[in-house]
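First up is the structure itself, then whatever we jot down about it.
To keep things simple, chains are lettered A, B and C as they appear, and every chain counts its residues starting from 1.
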Amino acid sequence: MKKKILALATCICLAVSLAGCGGKEESRETSGGQEESADKEAATLNIAYQYGVAYAPLSIVKEQGLIEKAYEEAAGKKVTVTWNQMSSGADINTGISAGSIDAGFMGAAPAITGVTKGVGYKIFTNLSGQEHGLMTNDENIQSFEDLIGSSNQIALVNIGSIQHIMLAMALENAGYDPHALDANIVAMAHPDGMAALESGNASCHLTSNPYIFKERQEENLHEIMDVTNAWGIDDTFIVGVASETMHDNDPELYQALCGAIEEAVDFINGNPEEAAKITCEFDGNSEEEELEYIQKSKYSIETSHLFELASFMARTDFIETAPESYEDLVFDNVSGD
Amino acid sequence: MDEKKRKIHAFAARAIFIIALLLIWEYVARSGMMGEKSELIFPSLEAIGDAFIRNFIQGYAGISLWVYIGNSMRLLLEGLLIGILLAFLLSGLSMVSQTFYDICNLVISVFDLLPGVALLPVVIIIFGVKPGVIVFLVVHAVLWPMSRNVLDGFLAVPKIYVEAGMNMGLKGASLLWGVYFPAATSYIVSGLKVGWARAWRGLLSAEMIFGVASCPGIGLFINQMRTNMNNAEMYATLVVIIIIGLVVQYGVLSPIENCTVKKWGMSK
Amino acid sequence: MTKEEKYILEIRNLSKIFDADTEKEKEVLKNVNLKVDRNEFLCMLGPSGCGKTTLLRCIAGFESYDGSVLVNGTERPRPGTDRIMVFQDFNQLFPWKTVEKNIQYPLKLQGIRDKAELKQRTREVLSKVKLSGHEKYYPYQLSGGMKQRVAIAKALALRPEIILMDEPFAALDAMTRNELQGELLRISMEEKCTFIFITHNIQEAIVLGTRILVLAEGGRIVVDEKNTIKRPVTPASEGYGETWERLHSALY
């Protein structure tokens, strides 16, 4: 019996001591935190981003040190920017809610999920729009009519992903139940989906730049235009989000971040050839390919149809809470709809 | 009586450990030390408990977690069964033919190293886009460690059993079935344990990146909960996964062990 | 079975080489010839490494060899139930089967399916080795001596032509060993069966054997004599001392 009590006591001691350590660390962070470090030492900025040509402006920001420059001009202080490549919007959401990430770049859908879930961030900029499309290898499939109720499989990157939402939108636009094709979805990564489509193992693939361009070149594949028209290159695809803490506590850093993205977007739009030279290395493409993909993307800091997207997601149960206004989603400086 | 005392002691120790763990969790969750958004990424036990019930009642996309569990278990059982039978077949043939053994040994060593998920593109091209892909990945997860164990078990069968068997007129397949298999039981059981754990994990990770919406499994459920930032639901699903694991361990594997190697006094 | 040869076992020019064509090449058995009468209890004595175990394994069919082994006049190069081996190792019973099942399994393999007959034979042989009532035990629950009794019972149940025994009592304590020698002697006198029994122990050979062989290196037979001492043999029996001396001097 003594031993048992001892064991219990040890466990509790352990619990308390662990908790104690955590507590101290936490108090240091919140009380001292931003202001103190902003005054005396160099500020820090942790950015999470993802991989691909849709994120091309970020390579420019990173390579040319745009944030660091803008911050030094505005605040006269140095900032250390850390870039973390992460593999999904969900991971970035977790990172931001845990406080280890200050700003992140992700698809509009996970960003809307994060904002409405109360992760504690808002969208501070639009980044890019891309072309998307639903490709099929089956002559007999010409419209949604041929897919609904069939056993044809639609490969797309994930259930609840922006591609899934596009499909739902296109279905609604065509007068069907937005979830009419949910049971036909097979979730897999873009390259796997392309392989499945080309080998005839899946009859449809809903994908984005650059895979959509590769698939459009294949003779035996054709496109079902509903999806292409539902959410196009001008519509918001990738956005940047910034934590409210950073926005409130260090406005100069926030401004520097916004300015840097704008500068990079302007640069990429003004000098695509030069931009391609810089970004091709990061994306692992040849310079020519990279230039082609950049030219087929739309880089802009203005959102487009973002609120409409959020409302649609809420209406069709992709998210639980609907945002009340566009301003719920974005910070004041963002323009667009 | 001593045995009983020991059991009570083991039970008490485990219970105390688990309670302490839960207390730590609850303390961390409530202290807010995980940042302002603690409740979102580090939900309290109460929230997880609620989510646990919600998972079964509401589920996701109008489908209860039961359905996801059912789908996963069906694929898992199919994969396990095929994997185990193939493992027996491979090890059996290896004992009969030296050439086969040499090749098999290499194949096991090579394929055991490959993560199933990395094979996904190839598997999709060969098998198509269907739940069979998951079954294949489960087979891949269980087959190699299981074959390795069974083969090791066969090689470790004492010569005297083999000779006694031959003396009774057993040879070839009947010797394999009558002597090698029962004599290697302890290896086979430990192979089953390893194989089951690998298959269960393999299934979940495969389902998290390859989801057939018409046959959604637990992995897909977890992924959905993660995507939607429903972390309480996600942790609740992890609890379900642990419970299933324990049920299989104590409800299936331990009884198998008890009525074979333990009963025969063969446990190592 | 139709025709009964004069000799139950005939070994002709048997040679066995281990590690042939290598540096370690060793000729364990050189041209061994041996004839064994029906119902004989043949004890083989010999120093370690003389090839007596190898000879027994050749007879059982566990080893390949040059020459021939004829059982009841026919060549038997492979193992079979006409020659059942009882090993020295206690762990020769299948641990996953009960005593009863260990005895019945080879019988079933012989095609005996009738439950009553299986039961009856099991009962019979177990009572012969004085283990009645131990049917449901698993081998790990038995002592070494009991395991050896079951092994003998298992062999008897098959009613083989020859029972081959490779020092089955060597690992037992002296008391159990004496006891088992007594049992085996009684059984061998009751059964119509030929025994070939390897031992290191001169006393054991004199007590059990109706014929005693002493082997030297290469399986060369240096002594081959009928044991004429009146049974049951005790150290006090007439002729025991001389026989012991004779075998001892042949051995060392």
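We take it that contacts are C-beta pairs under 8 Å (C-beta built on N, C-alpha and C of every residue); 3 or more make two chains touch, one makes a residue touch a chain.
Here the structure is a predicted model, which is why all the values come from computation and not from measurement.
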{"item": "Most remote chain, CA-based centroid, reference being chain B", "value": "C"}
{"item": "Geometric centre: closest chain by C-alpha means", "value": "B"}
{"item": "CA centroid of chain B to CA centroid of chain C, Å", "value": "49"}
{"item": "Distance from chain C to chain A - Cα centre to Cα centre, in angstrom", "value": "81"}
{"item": "Intercentroid distance (Cα basis), chain B paired with chain A, Å", "value": "34"}
{"item": "Footprint of chain B on chain C - complex, ascending", "value": "60-62, 79-81, 83-85, 87, 89, 91-92, 94-97, 105-106, 109-110, 138-141, 158"}
{"item": "Residue ranges of chain B touching chain C (in the complex, touch as defined)", "value": "158, 160-161, 163-164, 166-170, 174, 178-179, 182-183, 185, 260, 263-266"}
{"item": "In the complex, chain A residues that touch chain B", "value": "4, 7-8, 11-12, 14-16, 18-19, 22-23, 25-26, 88-90, 93-94, 97-99, 110, 113-114, 117-120, 153, 155, 158-161, 179, 182-189, 191-192, 195-196, 199, 201-202, 245, 317, 319-320"}
{"item": "Partner chain A, residues of chain B touching it in the complex", "value": "12-13, 16-17, 19-20, 23-24, 27-28, 31-37, 40-41, 61, 120-121, 124-125, 127-130, 209-214, 216, 220, 223-224, 226-229, 231"}
